[in-house]
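Below are two complexes that have chain A in common, paired first with chain B and then with chain C.
The block that comes next holds the complex of A and B.
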């Protein structure tokens, strides 16, 4: 399979009458892939299928050549997996180190010394090396999110699935997170679901836009931005015909639309512009 | 399960066991369980054939908290919003459940601490017999079964109240077991048969401890199988679990069938003979013309019985005739012989009636002036020992002064009252001298020691009687006469005199003083003291005022000379 390490073909998943995924074809390579889409687009369902905790109604998934439908191969995928669900709770009465130690055992890191080293490594990676003895209930929301990221990093996973990992992080923490992901050793496959388009632009060489259960774009962030070329303008006044308009930092109106507003200047499109235009084109905004 | 998966299970189980062992709930259960055993076992001298079952009640309390704690631990991932994350790990839900089940072993230290503490407590109180390992193991297995049930509930119902509800349901059989009789009682998770402490020694099969331990172990396995079945969906695993469940159910059925077997007639015949014909089973030791007859298991009781009797003998100017016999007797012979159906279940009514008749012919059921019967299993632990020794010393002193020592119980006779008989005060004085109790020890009132005054009717006349230390506790199976308040007050006045002076006066005409014809006033005059008057406003053992109202109490005879 070469560089193609995760492959999805014709993936569909329904919840009652709701079609969460509808014939998704996707190939994930080593490196970071950003997953963009509005709430309810199917991102979390897609990630949970990749994490082997959700079975699709139809379609095929191959992770490192392993089929998650086979029990033994599913366990093997899980041994290579790091997963951060969208809404993660905490064992409040555990200490930080005890929680990570517990998760490390669940990840079958059974050697005590190796486990201790691994816990120390991930704590250092998220900047919590001094907080190992703290009860989780005493941590702030930001630190809890860092702890959630830390547990996903345990065992040096080859496939790292992060569902909105920067939710709850402040600007500095987000920048640290970008740094952390960029420096992960072993060149793992990382799938990052986020609402933060600037996160995607900053660290993802590849972006996938999911809308209404389908993949509507897969390419580089620059290519996504390029889709909005000729559709983004700035002007002194608001244009009612624009799909979306907002004041930018220069107190000028930024318009995204199909018609150029009067007295406007063409702007350089961003990933966000591309995503918004795509969303509008599919009727999800 | 892969080798690394098995190692992960062991590691997880270690963590879960450690958490359970340190759980506040389990520690609280240990505290309350210990308190419960203390309440049960604090009064009487402990005997091991009953003690293991008393400890079990402490384990019942621990089992309730272990069930809740195991449930909370098992449901932790769901409760804390981590179920989805846990599902992404190579360790499966079945493996995690298995770890929780093994982790229930973390409750064992609490069980062992309880057992160890009670053993220490029992040793301090001169426990009789040797521990019944099957009963002790049964208590531990009870806790493990509850923990496994907690895991099973947690595997399916993660809500915290599900564990509490489960503990409540687990508690129901304990609270309702007294509604049943016969062998079915054994099938309840834990029961202590009411007449177990009345046995002169352990009786194999009463209760059927080994079979009950097997039942509880199988129950633990069954609960574990259910827990695993709820979380291990693979078909191959389910087949193995089905086999495990079948084996556990079979073990439960077999264990229940064994428990329902009646105790063999030969064993019960032997027991009835031991209890009814005490001479066949008891070993007797003679010291200063007093025979002490004890069941073999109770040899260590001898010194405790001898001390107060020797104290009485030391103050006697004349050795009484005939010799005194102090023997143990079982409550099995008393009012309602064999009223515990678990002892005789499976035997014909005719056979049980024959045993009852045999028991009713026991010596303790007959009146006597030369025998004192110590109630087996009622000899107290240290806090009440002074009262029991006074009770026995008074019995010995009554023998010395010619009063009846045992009323007998077969025909429900009433105690005689030594009304205005000097020998009564002498007996009380002798008992007080023998036990060296301070005057304050006889202080009555509502102080929880049930000492005070009561009312009797002798020959149509109301008489205020004295409820002496230990009387209400029935340390002696069949008491002697009912002392009067006048006799007690005279004896109390005598204790203020030098003992040698009293002994000299008594020795001068011992036969006269103990004839039953010498009066309290005559004795007071001989001693040169004023006869104390019975004051008004006396109160009963519970603090109730005593009023002289003839006809309100049943008549009692005066003790004959």
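The block that comes next holds the complex of A and C.
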């Protein structure tokens, strides 16, 4: 296994009778990798293994050449890790700054002034400099999500694991989030899971499609879109034979399928089209 | 020492201004500390020099420092208890970790006080209705202590459980994925919760109509039942560990209460048994402490 990136080989994990991960092989390079997949596909399980929370039933994990099975190496991985869980709970009586201060301590930043510097830095990064004194329970969902992102940035992590980071963010906040991730210094390894294909298309040079615990695609967003070439059309009327069809912004029916609808025009496929076609082909949609 | 002024006069007086070089050095923190104090004293009362200094200050650094100051003032301490503990030498980062313990929240402690009030009130009521040596059924007054003897150590156990049961820590997954030693975190929180719960329990024991040695007699059983839970966590899930420990305390108390002698659980034989449990459990916790580290678990 390589020393410089995150590598996973033959990763499997079961929850009772449910196979959450089934022989996953994956390499994460520096830069942003997007994990795309429906609910229950295994994205969160994969990320929690990478975050050293869950142990796999089988397979190997290497993070910057460190093996999480070894306790000392696991702690070293955690020193380099920023993690945003899918459902982050808060100590609701804490203020924003106190919560970040708490997480900074968990990240072994013990000196009070150094902690304040880190808290100030991440608050500025998510545009919440003036909200440090606010109680978390008074924040809106969007601000809570920004706070969740802020805590993941504490300690300038080399590996940033973000599980559904754009959930609850409005359009402007999502754009700011994309800007933030794109401008992170130090070229960290970033892996984010999302349902938003447009987030993937906008900021991820690499995309991984996870379906039923397996990797079904790994490549560039353009390559994922390319897989739908010749399978996407627009037409005035709906075609029942299409795998999926919906009205687009021009009030025309956009069809994804194997047969060309009557009186239709071939459309340029998007990342979402590629993902939907792949999901249909594997029977997960 | 650096020669700082054009003339050999004092650094700054009412009618003299520091040189431009000195003000620049002050802004860059490049001058002797004592001299900086003199400059600072002058700048504080001289608008002209303040303007000169601000021209030398890096705007970005100023903004950064301002953000840090904002953050510092926004990070609150936990009130008088926090300040007292800090003055006693407990590092502020440990106090922050303790502040995130569910069983140290005011609402939790109020619930503890509420339960204690009920069981204490019950014991007082029974004592007045059937005073010892009266015409009451034999041992009724002692039996009235049973709820207190049952709930006292259980409340302490619940407090300690709040320190390590994942469902009671909203940001549990962050703690797991962080490098800070989860064993240290658990022990710091458990100890704080133990003390916070023991204090009201022991105070209630002073109020309750029972033997004078009762407050002291509750300490060992409370410690034993908590240590047992921590030892059990090294083998089974946290919730199961707490339930098993609680049941192991409740069963003898209830059985002895049915026999009208609940105090036996905290008398000599009970104390000896609790001491053995405490020592063995502490040994198990020490030997199997690696299993208390969180994460990378199935």
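Basically, the second predicted complex is superposed on the first by the 281 of 285 C-alpha atoms of A that agree within 3 Å, B and C clash if a C-alpha of one lies under 4 Å from a C-alpha of the other, contacts with A are read in each partner's own complex, and residues count from 1 in each chain.
Definition applied: a contact is a pair of C-beta atoms (placed from the backbone, for glycine too) under 8 Å apart; a residue touches a chain by one contact, two chains touch by 3 or more.
Every value quoted in this text rests on a predicted model; they were computed, and no experiment measured them.
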Simultaneous placement of chain C and chain B on chain A, clash or fit: clash
Chain B versus chain C as contact partner of A:117, first or second or both or neither: second
Which of chain B and chain C A:105 touches, first, second, both or neither: both
Touching partner for A:71 - first (chain B), second (chain C), both, neither: both
Which superposed partner A:254 touches (first chain B, second chain C, both, neither): neither
First (chain B), second (chain C), both or neither touched by A:133: second
Contacts of A:83 with chain B and chain C, given as first, second, both or neither: both
Broader residue contact with chain A after superposition on the shared chain, chain B or chain C: C
Partner chain in contact with A:43 - chain B first, chain C second, else both or neither: neither
Superposition clash, chain C versus chain B, among 25-33, 61-69, 133-141 or 169-177: 169-177
Residues of chain A at both interfaces, chain B in one complex, chain C in the other: 48, 51-53, 71, 75-76, 78-79, 81, 83, 85, 88-92, 101-103, 105-108, 110, 151
Chain A residues touching chain C - in the complex, by the definition given at the top: 48, 51-55, 57, 68-69, 71, 74-76, 78-79, 81, 83, 85, 88-98, 101-103, 105-108, 110, 112-113, 115-117, 119-121, 123-124, 129-130, 132-133, 151
Chain A-touching residues of chain B, taken from the complex the two chains share: 2, 4-5, 7-8, 11-12, 15, 76, 80-82, 84-92, 96, 234
In the complex with chain A, residue positions of chain C that touch it: 64, 67-68, 70-72, 74-76, 91-93, 96-97, 99-100, 105, 169-180, 185, 290, 293, 295-298
Sites on chain A touched by chain B in the complex: 48, 51-53, 71, 75-76, 78-79, 81, 83-85, 87-92, 101-103, 105-108, 110, 151
